[in-house]
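Okay, so chain A shows up in both of these, paired with chain B first and chain C after.
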Partner chain A sequence: MSRPRFRWHIVVFLAPAVLVYTAVMIFPLFNTLRLALYSKVDKERVFVGLQNFITLLGDPLWSDQFWNALGNNFWFFLIHMLVQNPIGIALAAILSHPRLRFAAFYRSVIFIPTILSFVIVGFAWKLILSPIWGIAPTMLDAVGLKSLFAPWLGKEEYALTALSLISVWQFVGIPMMLIYAALLSIPEEILEAGEIDGITGMSAFWKIKLPLILPSIGIISILTFVGNFNAFDLIYTAQGALAGPDFSTDILGTFMYRTFFGFQLQLGDPYMGSAIASAMFAIILIGVCLYLFGIQTRMRRYQL
Partner chain B sequence: MKRNILALAMASTALFTSAAFAEDVTLTIESWRNDDLTLWQEKIIPAFEASHPGIKLKFTPSAPTEYNAALNSKLDAGSAGDLITCRPFDASLALYEAGHLADLSGMDAMDNFSDVAKAAWQTDDASASFCVPMAAVIHGFIYNKDAFSELGIEVPTTEEEFFAALDKIKEDGSYIPMAMGTNDQWEAATMGYNNIGPNYWKGEEGRKALIAGEQKLTDEQWVAPYATLAKWAPYLGDGYEAQTYPDSQNLFTLGRAAIYPAGSWEISGFNTQADFEMGAFKPPVRNAGDKCYISDHTDIGIGMNAKTEHPEQAKEFLAWVASPEFATIFGNALPGFFPLSKTPVELEDPLAKEFASWRGECESTIRSTYQILSRGTPNLENETWGASAAAIKGTETPEALGKKLQDGLASWYEPQK
Partner chain C sequence: MNKARTNPLNTAAMHGALILYTLIALFPVFVILINSFKSRKAIFREPLALPDADSFSMIGYQTVMKQGDFFLYFQNSMIVTVVSLTFILLFGAMAAFALSEYRFKGNMLMGLYLALGIMIPIRIGTVAILEMMVATGLVNSLMALILVYTAQGLPLAVFILSEFMRQVSDDLKNAGRIDGLSEYTIFFRLVLPLVRPAMATVAVFNMIPIWNDLWFPLILAPAEETKTLTLGSQVFIGQFVTDWNAVLSALSMAILPVLILYVIFSRQLIRGITSGAVK
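And then the complex of A and B:
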């Protein structure tokens, strides 16, 4: 008996994806990690080991900005977890109700902001909330609540929350769609069996549907986490690279951009920029690992 | 047979092109001012070519945000143009140090410019100049003349009068006293701090002392402008915290605001958009009779690619750029961008004239943060943006801001340690 022939077609079929991914994802990723270990001294690139990370975490000029950005990032994430995902789940539950009319229409309308560009969303909301031309002050005035209006995007204490909520508005369609799909895949028989046992309405949602969609909620949480810690676009389009007012909306993405590419008179520093990018990578990696090993493996799954 | 004809044709083309080269030298100009393309094609290039037969010019601008990166890669690849438009200070200095820009100190035409004008394109010790200064922008305040006469307000010259005027406009209520927001931050620093500041730190005297390490950002003359900026807040209109730069421009040109803290580059835009008469006044002095200082910031220069094949012709063009003829064309075609040559230029635009007239009465200086002091991290210019916005909003005291900036500067700048 001859040895099985080497299966060339596997290599051939894998090659395009492997090559493209290596060129545009894997190589840049490792090169960034490598770049973080260098610095420029007297116009020469020299290997400095972990010095950039020591500066980033040890020098108060850098570490203050880093912790500020990281803290803002966690707040950004928290708002998404507390607002976006519960609303997404609620919307999906309502949409999957069999007697709701125009469900397809609502579904599309809620999903539309997700496909808009960040630039459009950032610009549109800046105009809506503008104290000068915006419709937000006029609308509040119409219902007699003008006193509640503040130039939210320009105040240190509100700007980040306002931007998080804009991001929630934009992306609430994603958890809604994923949960909606999970809810639709629950077989009718299970719900009917529950009904016979006297579990209907809200309690059917809490006792039958929710446990069945928990894995989807887990996936959404991790997608939100990765998305939020990589976020950059919305803050950049709405507040610029300086993430004003007074860095109150600065997140890791804008901090990295400012450092790497420079801004106005500040010349770019690719080495410190790479160090920040590496730190972002590490944070996301740790977060994902915690989820995968800490939560995902312990989650109970039901065979439907 | 056929092949012979082809060879002949090719030979003759080659002959013709080389003949053409012998007649005309074409110089290519790199620039980020794509807004000025028509100005170059219709006015500047024809004027130069008429007086300098044998040299042809080609103006090839790129987008402002891409200019530095595109230029750097072109220079490294050896495909950059013969003439290079220079950004002020460190960006161009880096090009000179990398050997991309030629030293022009030997050119006679450089004597047409004052030391302040040349400083933006010199090495730190001023031993080498590498770009011919082209234009500067001046800071001040543009006001709505109709609004002022309607309310019976005189143009303020001292700070006291300035705030009295603002009070009067605010009391009347039909105009927002001053159009500026803190959302984009840079206006607060550029049109706020560096606009009024030179009167406090005595222009060049203070700026140079700061670079030399003889003054500190915690000194009274550097902190006091923040205290004055803090007094602006009540006059800036509702929600100024979220007001952006275009918002402020529109508020003023729509006639809803009376005063606009400005840079002269606004002039041509405002001329087309505002349908009321505008005037300008210089930053008010602290006490009547004080010497006045204005921010006359050098913004554009032009230098020569060190590797150009036609250094003679390129220098001829640069000498022409330094001449009064160029200054007159440029200054009038782009009101608000003021030529830097020592010989005064006859300007036609009344508003631009108003701005330029201050040069005779006041001492000129450039923005305090641009030379040397924004070389390190944290970047003093960017920090000043945040500090000026915070001063206006009153989120921090002027003293705390001064200390923060000083600490940041001292962390990397030797003379300030």
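And then the complex of A and C:
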């Protein structure tokens, strides 16, 4: 018996994907982490160790912006968790009702905002909330709440919350669909067994369905986390790279863009940009690890 | 049969909640679309009224057609999306086949390595990607975008497709081998047609983020001749902020292609999500 021939076809099958993925994703990722350790001194690239991170966290000029962006980002995430995911779950719970008519129609329509680009969503809401056009005040007037109207996107104290809610409006379709899928996979026998024991309607949802879809809620939470800490487009289209008013809507994505590319009076600095990217990488990594090792392994999974 | 599940009051409440949310979801799109067909005066006087003979106007669309090169942007978006999807599907399916079909040293590791990218966003590496594209002269070319989107889409594609390929019957493949088919023929002629539904799911998943992305076109290909529709409309609207007709028309023109694609593919998309491809 001779040794089996080397199976070239495996290499051929794997090569294109591995090459593109390594060259355009993995290599730049680590290269960015490496670049964060350099700086430009007299037009030359110099290794400075952790100096960029010390500046980012220690120099008030940088650290104020960084903590501001990080705090805003957490608020952005919190609103998604508290508004987007519960609404998504509620919609999915209603949609999965066995004898509901037009379910397919509702499902498709509610998903429409998710397919629109940030540019459309950002500008459309900017126009609607604009005090010049007056759609929002007119509508509030119709229900007698006109006094509540404020130029939400222009006020420091409301702008970030308003933008988070716009983002919630856009993405509510994703938790809805994933939870809907999870609810459909619950076998009818379990629900019928509950009915025999007198658990119906709302209590069936809280006591039977919700525990069964907890793993899906976990996945949605981590997807929301990664998506939010990597967000940029909506803030950029609605408020520009300066994330106004007065940086009140600045999140890590816009902060990194501004640092990396420069904006108006600020000069672009790829090395500080890399340092911020590394910080984002660390935050996302911590979040994913917390989920994988802290939550996912402890969650009880029921055999269906 | 249980009464609680068919109570008419309950049903009415459910429809009420769903209709309310449907209105919230559609309202902004509706307002933009109807106002894009109105004259400037009518936009401000009666923002919620449908365009009638009196207020109907195409002035916004005329400005957009004159000023912005929307056909070029559209074409760029189309090229980038279609070519990236082709690469993602072809390379992804090939890698998924290798991982699910053959046992070799490092199979597990390779699978894990490729799966890393599912959770880590490619944007983190932007600084180095731009540096690389500048060094290779790919900056301001559609190729740069295609490469980035291909890399971005591959991890999930490999993951989903290899799950599906494990379900293809071994007997079929072995029958092909006995008939003397090469491994390549087995892949292209036997396996690929069988995983077509999974390929469609992967395609639809990747299509929307690629078409709508603003970050990479803004950074890697902001030149006039390589602008995508998303970046093009962003820049155009930014310049015409005060020309409401033009802004509304540009928005409508950006909404329409996506909406049409959605109507065509929504069943596929929803089936893809609900079939548990991403569980």
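Heads up, the rule we're going with is that the second predicted complex is superposed on the first by the 293 of 304 C-alpha atoms of A that agree within 3 Å, B and C clash if a C-alpha of one lies under 4 Å from a C-alpha of the other, contacts with A are read in each partner's own complex, and residues count from 1 in each chain.
Here, a residue touches a chain if its C-beta (ideal position, glycine included) is under 8 Å from a C-beta of that chain, and two chains touch if they have at least 3 such contacts.
Worth saying up front: this structure is predicted, and the values here are computed from it rather than measured.
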item	value
Partner chain(s) touched by A:274 [first = chain B, second = chain C, both, neither]	second
First, second, both or neither for A:151, with chain B first and chain C second	first
Which superposed partner A:61 touches (first chain B, second chain C, both, neither)	first
Winner by number of chain A residues touched, once chain B and chain C are compared	C
Touching partner for A:247 - first (chain B), second (chain C), both, neither	first
First, second, both or neither for A:135, with chain B first and chain C second	second
Contacts of A:263 with chain B and chain C, given as first, second, both or neither	first
Those residues of chain A which chain B touches in one complex and chain C touches in the other	133
Chain B partner contacts - residues on chain A that touch it in the complex	61, 126, 129-133, 137, 150-156, 239-240, 242, 244-247, 263-267, 269, 272
For the chain B and chain A complex, residues of the former touching the latter	89-91, 94, 181-186, 237-244, 247, 251, 369-370, 374-375, 377-379, 381-382, 385-386, 389-390, 393, 395, 408, 411
Touching residues (chain side chain A, partner chain C) in the complex	7, 9-10, 12-14, 16-18, 20-21, 23-29, 31-32, 35, 87, 90-91, 94-95, 97-100, 102, 104, 106-121, 123-125, 127-128, 133-135, 138, 169, 172, 177-178, 180-182, 184-185, 195, 200-201, 216, 219, 222, 226, 230, 232-233, 236-237, 253, 256, 260-261, 270, 273-274, 277-278, 280-281, 284-285, 288
In the complex with chain A, residue positions of chain C that touch it	2, 4-6, 10-11, 14-15, 17-18, 21-22, 24-26, 28-29, 31-32, 43-44, 47-48, 87, 90-92, 94-95, 97-99, 102, 104, 110, 113-114, 116-117, 119-132, 147-148, 150-152, 154-155, 158, 182-184, 187, 208, 211-215, 219, 230, 233-234, 237, 244, 247-248, 251, 254-255, 258-259, 261-262, 266, 269-270, 273-276, 278-279
